[in-house]
Amino acid sequence: MDKGYVDLKYAKLDTDRERRTGFPEVVFCSRKTDEALVEIYRKLVERDGRAFGTRASAEQADLIRKEFPGAEYDPVSRLLKVEAQRTDGTGQTGEKTDVIKQAGKTKLPYAVVCSAGTADLPVAEEAAGTMEFFGVRVERLYDVGVSGIHRLLDREELLQGAAVVVAVAGMEGALASVIGGLVSCPVVAVPTSVGYGAAFEGLSALLTMINSCANGISVVNIDNGYGAGYIAAAICRQIERFLKS
Amino acid sequence: MDKGYVDLKYAKLDTDRERRTGFPEVVFCSRKTDEALVEIYRKLVERDGRAFGTRASAEQADLIRKEFPGAEYDPVSRLLKVEAQRTDGTGQTGEKTDVIKQAGKTKLPYAVVCSAGTADLPVAEEAAGTMEFFGVRVERLYDVGVSGIHRLLDREELLQGAAVVVAVAGMEGALASVIGGLVSCPVVAVPTSVGYGAAFEGLSALLTMINSCANGISVVNIDNGYGAGYIAAAICRQIERFLKS
Amino acid sequence: MDKGYVDLKYAKLDTDRERRTGFPEVVFCSRKTDEALVEIYRKLVERDGRAFGTRASAEQADLIRKEFPGAEYDPVSRLLKVEAQRTDGTGQTGEKTDVIKQAGKTKLPYAVVCSAGTADLPVAEEAAGTMEFFGVRVERLYDVGVSGIHRLLDREELLQGAAVVVAVAGMEGALASVIGGLVSCPVVAVPTSVGYGAAFEGLSALLTMINSCANGISVVNIDNGYGAGYIAAAICRQIERFLKS
Amino acid sequence: MDKGYVDLKYAKLDTDRERRTGFPEVVFCSRKTDEALVEIYRKLVERDGRAFGTRASAEQADLIRKEFPGAEYDPVSRLLKVEAQRTDGTGQTGEKTDVIKQAGKTKLPYAVVCSAGTADLPVAEEAAGTMEFFGVRVERLYDVGVSGIHRLLDREELLQGAAVVVAVAGMEGALASVIGGLVSCPVVAVPTSVGYGAAFEGLSALLTMINSCANGISVVNIDNGYGAGYIAAAICRQIERFLKS
Amino acid sequence: MDKGYVDLKYAKLDTDRERRTGFPEVVFCSRKTDEALVEIYRKLVERDGRAFGTRASAEQADLIRKEFPGAEYDPVSRLLKVEAQRTDGTGQTGEKTDVIKQAGKTKLPYAVVCSAGTADLPVAEEAAGTMEFFGVRVERLYDVGVSGIHRLLDREELLQGAAVVVAVAGMEGALASVIGGLVSCPVVAVPTSVGYGAAFEGLSALLTMINSCANGISVVNIDNGYGAGYIAAAICRQIERFLKS
Amino acid sequence: MDKGYVDLKYAKLDTDRERRTGFPEVVFCSRKTDEALVEIYRKLVERDGRAFGTRASAEQADLIRKEFPGAEYDPVSRLLKVEAQRTDGTGQTGEKTDVIKQAGKTKLPYAVVCSAGTADLPVAEEAAGTMEFFGVRVERLYDVGVSGIHRLLDREELLQGAAVVVAVAGMEGALASVIGGLVSCPVVAVPTSVGYGAAFEGLSALLTMINSCANGISVVNIDNGYGAGYIAAAICRQIERFLKS
Amino acid sequence: MDKGYVDLKYAKLDTDRERRTGFPEVVFCSRKTDEALVEIYRKLVERDGRAFGTRASAEQADLIRKEFPGAEYDPVSRLLKVEAQRTDGTGQTGEKTDVIKQAGKTKLPYAVVCSAGTADLPVAEEAAGTMEFFGVRVERLYDVGVSGIHRLLDREELLQGAAVVVAVAGMEGALASVIGGLVSCPVVAVPTSVGYGAAFEGLSALLTMINSCANGISVVNIDNGYGAGYIAAAICRQIERFLKS
Amino acid sequence: MDKGYVDLKYAKLDTDRERRTGFPEVVFCSRKTDEALVEIYRKLVERDGRAFGTRASAEQADLIRKEFPGAEYDPVSRLLKVEAQRTDGTGQTGEKTDVIKQAGKTKLPYAVVCSAGTADLPVAEEAAGTMEFFGVRVERLYDVGVSGIHRLLDREELLQGAAVVVAVAGMEGALASVIGGLVSCPVVAVPTSVGYGAAFEGLSALLTMINSCANGISVVNIDNGYGAGYIAAAICRQIERFLKS
């Protein structure tokens, strides 16, 4: 009988997840032992033809590359990707997630990832890379913090065309509020731990975003670029789902 | 020249908002003086044919009803609605927001609002009423907190069909995580101030939701049912936008 | 011998303050007994020809008006002013503070007070009224919160001409950062207790402002409009001092 | 005269503890100097025939093994055990704690240790190992976090048969609430420091568990697997005591 | 088909709870409307022959007494009890919970409720009354705070005979630690909101208890006497269960 | 068309800033990659003839010195300065900022930087060096904490002549309040992370300064010497602006 | 047998306290029922010839005056005193505490109570009245906050002669640090809840005092004037004890 | 003219301190540069014949020993002492502080330092060593935490004879309250950072001690053994002062 999970000694792999949520399992690489990491990547590639991990160190990337020479690792976002069955070099997405692109619509949904400063890049890229893995088209708009607001306003059109915006900011995190006032789509705000002193490792930015005076903003955990990317992808999936219905 | 706002003595009405965000202005009734409240409702009804307010007291509702006898007030959600041009009694939505229903699709998007306990009802209803005002079909699933998890699991199918789920919970706020593990759509989590002692007026639930181990969950401010409803509506609007494109 | 203070039973009036700081004593009316309040106003008017109090209730205003029928009270800012020797009706400032206006300069310094929302008005007006009492010309720019950023940008010229800007905002307090990026003068930021839930009675706005990514911003206590007005006046006093030197 | 303690230079060994509490002394190895650690293990083995320590490093384990070659060390739970008089290899418990097993009852009490994720293992194993040292039968149910609730529900029968459940979870810590709704026995919840950002080193999970909407849940300190194991053992001891009475 | 709950408009009564947890539903009276409260009491009495509520106001007690003249209300603990089928006046427990008393054992389990000061009484009595409703014998030991430790030590024997101790304390909450060092049974600690200043409405006592240097202590929410009583009863139920097995 | 910024891959250089704020860009060196740092210094020197960075490490200073042998680095304040076009060795200021000195006034504005203890020096020097870079005359008054108040009072005249005072203090941060009571000019308070235990990395000093009973004090982020120096310079710029008008 | 306490229903009167601590019991009037309060005063007067209570309301004072017409109540400090056996009107102290005055020394110990502002008076007077009840000579030095430091320095001699100083301050609480730098005796610091915004009901002042850079300062709970007075009296008692030895 | 301080470049040595406070300067060694440390020790020994430092590292001790071969360093308390003029080996105190011993009294004052656990030793020894340096007789009572309360009660007589008790405890810090209930002398409580999880680096113990239900307890900063020792010495100095008067 299929219980919907595989019972290993110390873990229960949730094999039912994709049926329930439409998204495959993603590996949180941090703190995993070498043995566990390799085994998990092997199983996922075996079953799904690919595997995707977050918070991977350079050492872990080397480890996985020994097993899968084609593995891709980005040291900024720390994403570690294996796509065993990819036979071409153009797109990031496999069979399951390219529905939107096949739909033949002229106006396809895209997400915009904004970051306030250059130190927010790792989190912004984690969000962007996650969305791209899940088949979402991403536009990047970096270093557009509110201390030079004209840099953001200059791209108002790009923002207003988005299906979802991910706003990544540390310090006081005011970027999300300004964007929230400019667009009609949902804004997923990611506070980062960038800052010092009373930034309290991202708490200040989190509070700013939770209390935003603008509408349409919801918040994920500090530095959780992956989480924001997942939500943005989930929103695009719903668009795709109804386009197909 | 149209500056995009009307400059009153103490306020600048943002007349450009609907162009930018697709959503009309909503009145936050709490703390407003009687004179200001009546004037704002008058101007909105005059311009848009309707007005919608949150956090209205029973006294404020009486006040507005004197001006607009057809005004509807719900003492649970504290929403206060005037729809001057509504000529029928069936739907909640006016001309601008009924696009999805007209689209002729068989599977139309709907949102589910879940609440953990009965004390969370005012917040849940604020979310539900907001979505309905913005033209979104809403299914309610109340009192399904995790201490009796079978009540939630019994409605798994309803949840999995939703375009977005709003999860409202106070105390420890665990409901959002369980729902996050069951669905593919985005989950907007609303912590409530229900609880006592170390619940710290909703802070505990907020932290629970921000730290959720499940994917797809983003969070709004404590008791911010309106904010969650707005985001859910914004997601449905994106679906509608691409269905129309 | 003059000790620089008058030793009452429960208080030591700092008669040396004006020599040291250039500013007369200001009465914090809140919590004062009726007898104490009247006595203090009497002594100040006797000595200085005027008296100025903050956080006065309507009842306290009535009390002082019985003694000084010309007393002025503003229920929004809760400022309570007696200017016994004013013989004309034009200016707010007495002999000691009108130096700038006499200086014959064409470009005189002025301060701008900005507020994010209408609920921030009492704090903004406390700041504005304090500056006016100290002889500073004030321009008001209210309801220019970042969710409709065009309302602020529309007045960029006014802001850039200011000698100092007081930025008053609750909720997430992002207004100060945006202003900080637009002007060359110092910005005094005042967080307000406006908001709910995770606004934590102004703590969120305070953290936002302390962590601002923009330069030139310093912060006073939550709802401390008087304190911000004092600082802005102190800055204008320094300009005046060197113009006279 | 027996004062109930031995007065060393810097410590007072509580020789009266076992009489009062029924449990022998347990060594908290962390921060102890090498000399102190070896001396304490020697004294305890001398007096009781065994010794048990928590939070031991691998280096400390090597040190104790030099003195007691049969010492057992588990690098996951960091428990360090010496049982000098054990003459067989089957059970973990010595003479004093095997009462329940001798009672000849068919339904003997057992504890279940649940963990939400694999990163919670060290804490879960510290709890499990502590209970086993105190003679309690333990069932492990790991990686059953609420984002895949079916993994937990699949073992409902095992949970409902337990005399006590120890629920170990980090991040948002929702596991304890779900278990609390499923069982009749007491649940001892252990928040862990697993998580990042607003998890605040376990504070978020602690608040979740303290505010649980489910009944029967009490909470110990963050990462305090030993403490939870002790309480679970104390509950089983009470069962044993009345079975013997 | 029995879904294990009854679906009312705004609530889902968990009719499966007693099967799962062995404990009937308890009514949290606070915030309930009059209609809802009366209806819930009626349904519970109808089904179970009794009903038990916590945090009831005197007004709510009057309301229920109109319906059930024999309802008992204690203004200190704010517990509100209806036991329709009780035909004798001696014990507090009905048919389902008197198993331990029937077991014919000479040494029956009892719980001790300790409180540090007289201001902690409402919480202590809530715990005691809850346990008595669930059929547990309770001994009260009140006003034994650590500033006069001899009052506690004088009753050491009573404490050491208990199956479980509930320790209720506000201010610095040190009582739990001292008790933890004296007994072998589990100690359930209840921080109270008694205190002022840096007691922070019970947070200080909660932290004290969570960090206790003594073993065997677990903690419930601030002022949660009911929760502690429930856990103590659950422990006694486990003893009873194995005595019957 | 000039957009007011240069769009690099990961950054948008705000070339419009000096027009808006009157201050050139300052480089926050911390966390920058070697390549990025060198490139930014090159571009700034190329455009402005100088560059100024904060929070530079000794390694970064070596790096910049390879490119610009005349670069000046102060290991205490960690300021890293390149002034390519400076042809004399006397002043720190270039063409744009020497206006006040040229004004021919006898009483020129100066700032005083006070520090409470010797451990506050790095922050105090960051403030002082920043002001000097922006052309402000600075007087240093170090180690004048309130535990030996005579050291501060001895220099009352110097303080009272200042145009602005920067007060730098850790631990309890009381210095700012005492200074605030002595001077008429604005006081910019900088809490530092000096202290231990309940100093909470500067939070205690920040709260002290925000709550000061003295007038005229505003606060910047913990350890933000640069920010305080910027504000002090902005105040002096306003004086200069009106002297020139 | 004398157990050292009297076992009432809900309280255990600590009759051994005076033997152990040298101080009689003091009644914390707040929250006591009328019956309990009257009974406690009766018992104390009966046994000791006097009774002393803190935090008494005006209503409670009236109640006690009906029973003891000579009872003294101070509405500022809220102290409520009965001294049944006092036969003269000069001193505050009875038979047990007048030892120091009888010692015939020329330089007798005295305490100084300082308060920063007039709003701190209730707490300062609670401290002063407590000390006087315990037979300590008290000098009051009120409204000497650091924003006008000359008022404090003017009385340096009085401060330096004290055996102990109680420093009472709200807002930023800097007074204690300045005093600590001036005197050789111990300073007991009392933070008060005076202030607003980020004063957080006294937390800011508490942190300031705990982190003081001056030596000799220890801290009691927010608004705990009684506690500070007790400690100051305990210090004077030790002086008295050795003078008598 | 003697200003009461020596103005070095970065420091102002407070040469007036001993006159004001009766205590010589003590060196806080942590963070000092090698050059600064040696220079300060040299100056102090030159002027006073001795020097005393806290928080010294072993490396700093080696450094000072090169200059003063007789320097004493204790690695537990991290106190570093030079007493150049000591010509005998018996006492720790020099000419200025031996007054009490010369007074010929039979009952001389002594302090007791209590610690809850062995991990609190460094802080307890810092307190004890400080007192001994200041000429106070110290009795040590270590490892008497409340989980084995008999160890403390066994020494009740020693405690009750003390002139002052220093209570050092981490984790939940309950020790201070129990001692406060046993003695008549003042208790100086020192929270330590010993503990983990919700101990929050000593915050929990600090709150416990500040909120103590026992009288006579005041609190110093976390781990501030020196501060507690200073206060205890200041109390003994007052006794000495009046014995001499």
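Letters are used for the chains, namely A, B, C, D, E, F, G and H, taken in the order the chains are written, and counting of residues starts over at 1 for each.
Basically, contacts are C-beta pairs under 8 Å (C-beta built on N, C-alpha and C of every residue); 3 or more make two chains touch, one makes a residue touch a chain.
Bear in mind that the values here come from a model prediction, so they are computed numbers and not experimental data.
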Starting at chain B, fewest touch steps before arriving at chain H: 2
Co-neighbours of chain F and chain B - touch as defined: A, C
Contact-richer chain pair [C-F vs A-D]: C-F
Furthest chain, CA centroid comparison against chain F: E
Centre-of-Cα separation between chain F and chain E, whole angstrom: 60
Where chain D and chain H are represented by their mean Cα positions, the distance between them in whole Å: 38
Euclidean distance of C-alpha centroids - chain A vs chain C, Å: 46
In chain A, residues with contacts to at least two other chains: 147-148, 181-182, 197-199, 203, 206, 210-211, 215, 221
Chains that touch, pairwise: A-B, A-C, A-D, A-F, B-C, B-D, B-E, C-F, C-G, D-E, D-H, E-G, E-H, F-G, F-H, G-H
Contacting residues of chain C [partner chain B, same complex]: 118-119, 121, 142-144, 147-148, 150-151, 154, 196-199
Touching residues (chain side chain D, partner chain B) in the complex: 116-117, 145-149, 153, 171-174, 177-178, 180-182, 195, 197-200, 203-205, 207-215
Residue ranges of chain G touching chain E (in the complex, touch as defined): 3-5, 10-12, 14, 16-17, 31, 36, 191, 193, 201-203, 206, 221-224
Chain A-touching residues of chain B, taken from the complex the two chains share: 20-23, 26, 105-107, 109, 160, 163-164, 181-186, 188, 206, 210-211, 215-221, 227-228, 230-231, 234-235, 237-239, 241-243, 245
